[in-house]
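Labels run A, B, C, D, E, F and G following the written order; every chain starts at residue 1.
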């Protein structure tokens, strides 16, 4: 057969074999990977909404998702909100939990961030930043307590602490939380939280 | 081509033709992931995995593939192995794969692998190209190890997570940033050339 | 407004070469002469924009609906190779002397981490169509800015007596490091 | 930029000269990966004002600035056409409420097609002789072409 | 007839008395008022920092000259002392001495000698040192203390620019008055605080014609225009141009850092573009950027453009082009 | 089902790609002879064009095509010639070993200097304003030739003149171009008789300028009239091959020994052991 | 009256006061003269006398071999000693005719003057000038006959007489202006007739106020314009003088012809008048012997071929700590390694002074002062670097061939870099490349 048809044949069969092999590996690892991702989300929800045994995704959007934390017998314990926005250098993704009436913010953890290490990256640290986020009153907009306080009790319930030298990062975390709270309240008001998957097209 | 002994084939990958320091190939991942030694080693091993397997397959099928389609089929094979490596990392070492981010699939465009296939594996027997691939990848891993240890020790004062320098040392955060990567690699490259020229003078 | 922020951040803050480390091979190789750097930069920007569009199409219309996300790498590299193949054939027909000169650039682009990196990053960040295009073009312009600046600096360094072992790639890397330092001045610019 | 090569054949105005593949990155061992041009040596057709004969080694003057200018023009127009096409597609989609990404992609390909056509004609009839390398001098006669 | 050996050299046999060491020492002299002011404000710390930076620089210079077997004269021509002084003046007073030495080593080594010694570097050495320190020790480099004269014992003390950006001083009216900025008893790095001392030094430099007037003029012009526009639109959120001129490292940057001859363009048109660019970037970073102090980064950024400016703004030769 | 879709997409993509390649293949076809690569591998890659070709690769092609002999690479010398010949299966010819020789003995003490030279210290620059020696034809000693030699076969002697290290010298001719006063010539290594001067000054001035200069006295020309002639105040050797050895002592009577054998010390040495052998 | 000038340039210390006052004194001819056949500009002349001939004062001893060459005349009467190589101020020995002076100074009878030179035909003036072997005395040595016959397609409308002696220390032209004002004016008139121009401008620097006043009242009736120029170096350079007086730009690589101007030096104008009026060839010229190294500096009229040694002897010899001897002005003159060199037609001055060998040469710190002072608006530091690193093409693009080597950049450079020397090396390499390419 002519050279060109030999070329097409060889390339396509190479493509075929490798895609077959890939598909096999894909299937073999697919559920393992899905499990990992799920595991990570599950873990974050448990830390953020204490006392949840099982979680259920209520609403999902590109950079925003709401999960319901439930005990074994299915009673709602609180909402876990997954949110991401732009920080000092790149995007920050985080998860925070609220109580049922969305009045109190229970806890906050940072999933992924690429802030300047040593400075902005301290928002991941428990003692420097996350500790000050426990049970904040979120009826009103949260504000930043300017010169960094050393212990949580210096802050009023609607205030959170800044990291010395990394004001921009702390501020962006705060902004993302306030924005997502608004979205959450608006979703609850419209009853959009019935577990429907509203696909945001583009 | 003067046929070198098998051991010479392996050793040349380590220093004389070290892909990173001498041929300046595959710099994208080298600079990107070496901010921690664990990441460096992971990337090195992933590249070794892909390089070995693709060398094996390429040297096996080199007679079957017509000359013109040669490069395209190599790309498909390498891409397939890279995806396998990526999936494997995501499945079993999820935190490392998250840390390496987009750079694992980027091995497919890494000149080291494509270069070795084109220049070497497509011309030599299976055994020899395997040794060469092994040599090249060990050279690559060593280079990554060297750069990532320099950057981690200076940048965070730790090596593989263990605190190495005492508490007196204030870590140079710049070494974890892209700027530090460039400067450290540039200086290391200069050092390598200096040593090379010194040994050259003594040998000549 | 958010697209503009993404555009500026792709050029200045998360510059493709100086922050994501993509496209270092041509960045060190081609930046010896200024006009070849400019033409290389423009070529890369064009190929990036088209790749951004096509990779978005493949990703959002084929890979995600049939959730075979793991085929991303293979699909993208094949698309990029055939895209460059197309451009090369077009130029060969159009003007043979130009094709002679271009013989070296196009393969350099295909084996270029920047193009592949762009496709992967856009896919990973689940960008919408317009965000992907803006990100592609912005990164292309960022790449061109970096490579043109580097070409200007290296031409001036040609006249300086750089220490022997650092000549060539060594000094280029150190200059790139200091450029990265200068670019960190813009971080934190976009305010959402 | 000066380069040199061996004349293979010399027709009336043009001569075919064999030149080493003058790649930018000599180091990168993948340099002969040029898809579709897999030899490491290129065949250049160059203008032959001094009527060099096959077998001579000649020095060529390669109009590199000319190449770069036309490359910038080529890719610049392509880029511009792509962006304009997309913008046009987007606005027309907004006007006739068509699904936005599809139309702008259509606009993109339309823009590319039009600019490709225009560039084709532009480069075709501008009888781009300025782009051809010029044989400047004969380095050594060399025997008959072997 | 004299049998003495006669001198042989190419045509011009006269030479102006000015020389590179003279220029360098003129610049050092012009820095003196600011050095004295900083010692007055920050007492011991200032002296120690100056000493560390200068000694660190000299040792690195000597080391590099020895390695590259070059004559030692450029050790005494004052260029290293200027780099040391300028670097020290941009450091916060409470910076630990070892990081100051590291900064000096990087400034002279990485900033100058890697490029091939005096005259070949692309970036201003002092700024390379400071940028390295700012990125290497971000926390240490952004903790300011009150000048001793102000006798405020607060551990950390925001610089005027710091509280403008992060503490929204403009809204709460706690913006430091321009008068303090002028005299200098405000927080900030060593040499930047007192504008009057710097201006005296700058006047001396103009008199000695050691700097090109176009650079400071261009910077001040473009900064005032840029910040002025935004100040006119929304006076409550953006500070007055005068404040921006007097605050932070503006004067030190415009008169001493940007005018460093080695890293500024050599053609008149190029110098104008360079200067206007710096002013614009400072305005951009200060109003919209994430950092309080933009002068250092904008000068480094424009240093990158200098080779391009030199190449594309070649003056037209007498008789070239269409002029009849 | 989820197995079929990836395979399907992959085949479509690779099909598309391979057709593109086929069309590309149809356009470009140039064959290349693998021997050229082998010969090029053996060459020293100095690309100095001493073999008359633009570079080693061009020379390799010419050798394979037969338009150049296998020993045409002076830089490589005999071992490269042997290797190339062995690749081509041709008999290796011996290479005419040539070496660069400086035609000036104006050392620091011998040649009077013009004065304190303050201009740019390269040969080319000082030549423009007349040089630092009273003799305006002699070697200025600023080492342009040493810099131009890429086989480091040359160093600067203490007496201010460059010394050629014969083993490394590959007669590539770079130093001949580099010297602004043309004092270098490539001579076959066996040649032993040289005129170490290029000065065209008359008898009066050349003696004043330099003790080792050729003062055009004509003794050597009279001693061997056919081979050595006097051309505007300078002795010139027309062809060194058939200078018969007996006449050499007569030629060496030159008052300033501007003409003579290359290494005077060695000559005495081998004369002595010559005497011993025929004595013993 | 606004004082005209050109942009940039420098102000080196004038030190003209040393010999400004002393009038021109003609030096008695020496015992031996060495007249080089080599022309400063153009191919050398061919000797038409041999050893042992008897020659008279002003007799032609060298024939011009090409258009760009000039005849050479004996400056003393006596016996020809030899025709062989002799030192030359340009550094390399050249063919020279050495004549022993027999002291009679008998003029060559063949020399014949004309009654009213101003009525001569332009062609006649040009032949007279060519026979007298007159070349530009400003230092360039361009054959004047060629300058007086501009090509047909380039009409000449202005003749400029360059009276601004911008080189420090030199006063020869200034003394000529004062003592031979009429000769200069009539010489200028001759040049106007020869070139067919319609106006004459005489530019004088404002440090020669008395000469300016003298010329002002001498030209009250005639329409010769006398223009005062600001004292600045290099005011006397052709391109800068034209752009200052007529605001015309001589095109890049072009000649004053292209903008319709002919520039003549004051000395050349007087020599033209002498040649046409009395037929006397150019065998002597005015020059200044000055500088702190000369015991009593003078302005002299010296015979061509006299050795510098004899001229310095006549001026009381050199101080023993003087360590530099320069032919021409300090800014564009050539440093000599021996005083055993003859005076040539281009020697406008012999200077000697004590200067300390310069300090350590620094690398260029890109202070751009040279860019600010270069009269041709070039970038000397960049040209130096291109020449040093052998970037021939870039050097040519940046206009290295337009450099007039006036020396302002090297004068002002704080790092003491020999910029002009590097640029001359660069020009040399560029010309070699051009010849190689065109060969």
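Basically, a residue touches a chain if its C-beta (ideal position, glycine included) is under 8 Å from a C-beta of that chain, and two chains touch if they have at least 3 such contacts.
These numbers come from a predicted model, not from an experiment.
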Q. With chain centres set to the mean of the C-alpha atoms, which chain is at the far end from subunit C?
A. G
**Q.** More contacts between chains, A-C or F-G
**A.** F-G
Q | Farthest chain relative to subunit F (centres taken as mean CA coordinates) | A | A
Q.
Taking the mean of the C-alpha atoms as each chain's centre, how many Å separate subunit A from subunit E?
A. 44
Q. Counting in whole Å, what is the centre-to-centre distance of subunit D and subunit E, each centre being its mean C-alpha position?
A. 47
Q: Could you please state the distance in Å, as a whole number, between where the Cα atoms of subunit A are centred and where those of subunit B are centred?
A: 34
Q) Taking each residue of subunit F in turn, which ones touch at least two of the other chains? A) 2, 6, 9-10, 13-14, 17-18, 21-22, 24-25, 27, 114-116, 118-120, 125, 128-130
Q) Which residues of subunit C are in contact with two or more other chains? A) 25, 68, 70-71, 74, 78, 81, 85, 88-89, 111, 129-130, 163, 166, 171, 174, 178, 181, 184, 187-188
Q. By residue number and range, which residues of subunit B touch two or more other chains?
A. 24-25, 68-69, 72, 76, 79-80, 83, 87, 111, 114, 173-174, 177, 179-180, 183
Q. Which residues of subunit B touch subunit C in the complex?
A. 24-25, 27-28, 31-32, 72, 75-76, 79-80, 82-83, 86-87, 101-102, 105-106, 108-111, 114, 174, 177-183, 185-187, 189-191, 193-194, 197
**Q.** Complex contact set, residues of subunit C against subunit B
**A.** 18-25, 28, 70-74, 77-78, 81, 111-113, 115-117, 120-121, 124, 163-166, 169-174, 176-178, 180-181, 184
Q | Of subunit C, residues touching subunit G in the complex | A | 158-159
Q) Can you name the residues of subunit B that touch subunit A in the complex? A) 61, 64-66, 68-69, 72-73, 76-77, 79-80, 83-84, 87-88, 90-92, 94, 98, 155-156, 171, 173, 176-177
**Q.** Complex contact set, residues of subunit G against subunit F
**A.** 84-85, 90-93, 323, 334-335, 337-338, 357-358, 418, 421-422, 424-425, 428-429
